[in-house]
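The structure under discussion appears below in the form of structure tokens.
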Amino acid sequence: MVSSKKNHDELSVKERIAKNKQSNSSTMFVEKLVPKLLLLCATLSVLVTLGILYTLLSETFTFFNQVSVVEFFTTTYWNPWRDSYGILSLISGTLLITITAMIIAIPLGVASAIFLSEYASDKVRRMLKPILEVLAGIPTVVYGFFALTFVTPMLDKIIPDLSFFNALSAGIVVGVMIVPMVASLTEDAMGAVPNTLREGAMALGSTRLETTIKVVIPAALSGIVASFALAMSRAIGETMIVAIAAGATPKFTLDPTQSIQTMTGYIVQVSTGDVSFGSTIYYSIYAVGTTLFVFTLIMNLLAQYISRRFREEY
Amino acid sequence: MALVNKETVSNKMNSRILKNKIAKVIFFIATIIGLLFLGALAYRILTQGLGSLDMDFLTGFTSQSPDRAGIKAGVIGSLWLMSVTAPVTLVIGVATAIYLEEYAKRGKFTRFIQINLQNLAGVPSIVFGLLGLTIFVYIFKTGEIILAGGLTLGLLVLPVIVVAAQESIRSVPNELREASYGMGATKWQTVRRIVLPAAIPGILTGGILALSRAIGETAPLLLVGAATAIFTLPSSIFDPYTAMPIQIYSWTKAPQPEFEYVASAGIIVLLVILLLLNSIAVFIRNKFSKRL
Amino acid sequence: MADTKSSVFNVKDLNLWYGDNQALYDINMDIKENDVTAIIGPSGCGKSTYVKTLNRMVETVPVVKTSGEIEYRGKNIFEKNYLVEDLRTKVGMVFQKPNPFPKSIYENIVYGPKIHGIKDKKTLDQIVEKSLKGAALWDEVKDRLHENAYGLSGGQQQRVCIARCLAIEPDVILMDEPTSALDPISTLKVEELIQELKKDYSIVIVTHNMQQAARISDKTAFFLSGELVEYTDTNTLFQNPSDKRTEDYITGRFG
Amino acid sequence: ACGSSEGEDEDTSNGDTQSETDGGEALSGNVKQAGSSTVYPMALYIQERYASKESDVNVTLQSIGSGGGFEKSTKGEIDLSNASRPIKEEEKKKAEENDVNLHELTLAYDGLTVAVSSENDFVDNLTVDQLKKIFLDSSDAKKWSDINPEWPDETIKIFAPGHDSGTFDYFNEVILEDNAMREDGDVQTSEDDNTLVRGIKNSEYAIGFFGYAYYLQNEDSLKALGIQNGEDAEPVKPNHDTIQSGEYAPLSRPLFTYVVESALEKPQVYDYTIYTLENAGDAAKEVGYVALPEEKYQEQIDKVKELAGK
Amino acid sequence: MADTKSSVFNVKDLNLWYGDNQALYDINMDIKENDVTAIIGPSGCGKSTYVKTLNRMVETVPVVKTSGEIEYRGKNIFEKNYLVEDLRTKVGMVFQKPNPFPKSIYENIVYGPKIHGIKDKKTLDQIVEKSLKGAALWDEVKDRLHENAYGLSGGQQQRVCIARCLAIEPDVILMDEPTSALDPISTLKVEELIQELKKDYSIVIVTHNMQQAARISDKTAFFLSGELVEYTDTNTLFQNPSDKRTEDYITGRFG
């Protein structure tokens, strides 16, 4: 019933298209195939996760056939070469680094975010922010080298008892490294607070400081706290800085001037020395890896939970 | 009845304003501390490293002697690694992003993939090293070759690219898709001819940033076995290799103290390359961001 | 008089929901060949939803559900094996906000022919000229066909979109407030163009501007809260509406 | 490129460019070498030189400790495994299980050096017994004053090679007589000798041990201790002469590389092995170890040729 | 008659620029005590800009530059050592979109008193009651003072904002289209409230609704493209405008 229309032109695009349509089953084939290929790629990320879980868990399982789980998680002496696997000392080392790092990163990060988001003019912000972000892009091996050859000698002048390899120096540098992360996530959270709230506060005669502390930060709190959790996860997983500057002496201590070892540091130490495939020590790096993975996963999930659960509607 | 005592209010005014001023200075100083640290780092590395940084350093292999050591193998090795990492992650990452943004129904499965990606982004790089070690070196017995290192880094930065590509695809205005569908275009035609070209600058920017992350990674490569000393350049992805950060790390461990300067020179090269990559990313972003 | 023309669309008992919200209620409407059919009504009454249903563009919103039938040239477009791509090739659409692709003018026009498999350079050149002439834009842009379409003014961009639509020689053109983002002069040009296009195409146009509807359309449909209140000759509707609500609306009592 | 050409200059000046064993045809392929960090500087020196001769051969070298090297070589994963101690019985057994024959080559002599920071002004010499007291797990001496009441009342910080290290094994064997070494919070172990050097350099009350080469490179900031082998013996400090003569006892030791015999079938591995022996003397001198007498190298070359059937 | 009242604001030759765009031109205007002064004019004419200049809130936009003088109670607020915080404490403001803090109603009201150093619990309680009563909200919310203000309706939220403003007992209250986001009933309530507040406060209110201006204000200022076209008694302005443009605007010929 398609009445032939009035375009009696030299080229009837319409007819051509209709003809192409009939012969073109390949377009439809592609149309069906593409989503499947894309889905396959999307599934890969899940496969990677499964791969991680599989490698970690299967070797960890073997490890716990040789070493008691209870001993692993409750004792504090770590010396695999003497069959002593008390991961608490590695965990305490990791925590020491993380705490030190957070003591640096939270105040500096939040203060920078406040300055950039509430005080700085557009021009200053546009200038400072990228520079600050450079800090996040510096390879960790560079930081490690800097911690060992610059920060430690400096600290040594202030703290005479400082051990050459120590948690303090590494922790400080890890902290500086994650400042941009805290700063930019906090700034994002503060940026999401609508300007009308600021105006409301300022119109009551608030100073910038009062507006920030009493209105903006409470309103952005969930985002800010989530950024802390993410930053902690990052500090827990940091490897090169601690491997280079924090030492390799597993120790159950909370004294940051001491040489310690973190979970990541242990994995590097063993795997770059020698992974004698199949020995208990070999499996131990997976057990430590799993513990590390669980720690960071908890922090990440916590961050997501906080920002979802406590998301403010303005 | 005035409940608000005007007197108290105006008495307090000055101290409040002073507090605000002091706070501003404190916040400024806190911001600057990060920059000062960066400055100290740059100064230290430059003063230590510039002396060793010359043509010979750029074109030479490592050496037992600090005067002769060069970073060529590291630079070339890193480039080779990227030749594996870049295409693999770009293709898979962009495909994943297209799937999530354009095809997936907003259901449980999509949310699952999304959350999974978020968490994957937070997995410590050394755990990816363990993954690479187990999968490539032990299970597939690839040996310690570029392919294994490149794929490991690829998996590591995959979430970064996916997120960047997703954002970029999301920012393509819906009107363009509608226009294309309105012409009778199929979904894939629309994605390929309209959405992707419009999203490409954002994807590239994200991709470059992800690559610069990959280039600086050390820990996973230590695990999958980059060589510390090598005097030949790889000729295929099945060859052994070293990479810039590995080379730098090995110099920080060399016996002679002079290697500290060599390491600094290596760091300069690495940082310059990263800076270049980032400038390209910024350039792309600025060049194309005006368009849409 | 118009009833002797053959129907392009036969809409029968059309209902449409966005999730749980019903946006269209029991629409019945015949759209005739070579008519300009105007759709008017207050904001949110379902005008856009309705025209987007005619080429099933509304389905890009995932939560949409429909019931009823729309026959295009006698075939129900909601039937399972009806190819939407095919429908949309024949039923072109122009949108409220000009939405050229971020490509050159030339690339914008040949986009449709290309995806439909026309690759011959000469044919494409001819199509570009013909479509731009059809959209009354040829003289203004013929020297800068390879410049980005974003460099054009809003009115020119809208005409590029119309030309892009003409390039695949559709049967019907749907227009959703095509002039609402344009200045008065561009609006005039597009209105003149619609009068011109009417000779070759059937046109359905959504407009919030009653003067425009009165000026350019043959038939007008008045929608209110998702219902089709009145649908008749434009003159009749504006001069002698049979429904009180129509009268209230066209006399400006609400909307 | 400049680095290698300099290497070539030295080559010609030393006049030992003779190893055109394979008729001058350019070689290619991989040679994998891993193991002792003590041997590492020597091996690196040789590898560097070799690269300018056979630029198509891919030699890789990893410093993972003697134990780490044996771990790989006994499985045939690498071609040459460097070691600062002889192969252990259980490693031999493992090699047999895997049908791998390892052939021992001696490259140089090393004096395992016990060092303190140059800031340390109270110790110069230690007796073997004192070493035991410091390093033995069973000893309860934790402070310098526990060793000698005149020394400061400060904790002894120990920097020792790790468990995969041949140096550790050797020290453990000859000084501690295979009793366990201390490993607690004051002991930092690392496969990486430079970590040890750095650690000792920077703390006045630290002590540690490693290969002589690592001491020599850091002479300014380290102090090598004289070792009294017995209560009444004279303290002997490590240096070229005392190591060569064996007077620096009991800590003088040979350094080895173990070649996987079947790997010698690969021309590039064979060529590299020969080259290593030909240049080991120079390498030893260059990095601070003591070369073997020339004929010792020649004997080993002949043996390798025989093994390879040439 | 009103001229015997004393002035709150004396605006003299005020010019204002956003970057290079001038938004206000040579404004001269006296605002009298206990008057309700309405500001009307078409969208974009500078109404919001103008009232925000009166408490220097406009300075939160960094590119703003001004020239001229605004005297508040005889002192030029642009003077170097004039404390904006002080000005804003005395010149309160209510915004177009209700913007309560995401806190409890109680916390919203006591925010101002607290930052100004009032800590005594009993005084604060009194302030809350008084302010909410002043904002005609007390009866509606007195049982849920500690619930989040976001749980209230739009109209109630706006009255919370007014109460928040009253809590620090300002001298002047600026209102920028305070009812435009509200439904008719809430609007009525707010209008009644303004009539009430007038007894104690001087009020400047921006509105796009001329009926509203006519209903509630004593004086009206008509702005057009950044200029103050006419400023006089409300009755005079609406019934007998002296400027042609004012007449055109109030009779609906544009805007």
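In order of appearance the chains are A, B, C, D and E, and numbering begins at 1 in each one.
By our rule, a residue touches a chain if its C-beta (ideal position, glycine included) is under 8 Å from a C-beta of that chain, and two chains touch if they have at least 3 such contacts.
Note that the structure is a prediction, hence the values are computed from the model and not measured.
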Mutual neighbours - chains that touch subunit A and subunit C alike: B
Contact pairs, highest-scoring chain pair: A-B
Separation of mean Cα positions, subunit B and subunit A [Å, integer]: 13
Intercentroid distance (Cα basis), subunit C paired with subunit B, Å: 47
Euclidean distance of C-alpha centroids - subunit C vs subunit D, Å: 84
Centre-of-Cα separation between subunit D and subunit B, whole angstrom: 38
Subunit B residues counted as touching two or more neighbouring chains: 16-17, 186, 189, 252
Subunit E residues counted as touching two or more neighbouring chains: 85-86, 89, 115-116, 168
In subunit A, residues with contacts to at least two other chains: 148, 207, 210, 272, 275, 277
Those chain pairs that satisfy the touch definition: A-B, A-C, A-D, A-E, B-C, B-D, B-E
Complex interface listing, subunit B residues touching subunit D: 55-56, 59-65, 68-70, 72, 144, 225, 227-232, 239-240, 250, 252-257
Of subunit C, residues touching subunit B in the complex: 55, 57, 60, 62, 85-90, 92-93, 95, 97, 99-103, 111-112, 115-116, 148, 150, 161, 164-165, 168
In the complex, subunit D residues that touch subunit B: 1-4, 6-7, 30, 32, 41, 44-45, 47-48, 50-51, 55-63, 192-195, 197, 213-214, 217-218, 221, 286-287
Residue ranges of subunit A in contact with subunit C within the complex: 1-3, 5-7, 9-14, 16-17, 20-21, 24
In the complex, subunit E residues that touch subunit B: 83, 85-86, 89, 113, 115-118, 123, 126-127, 130, 167-169
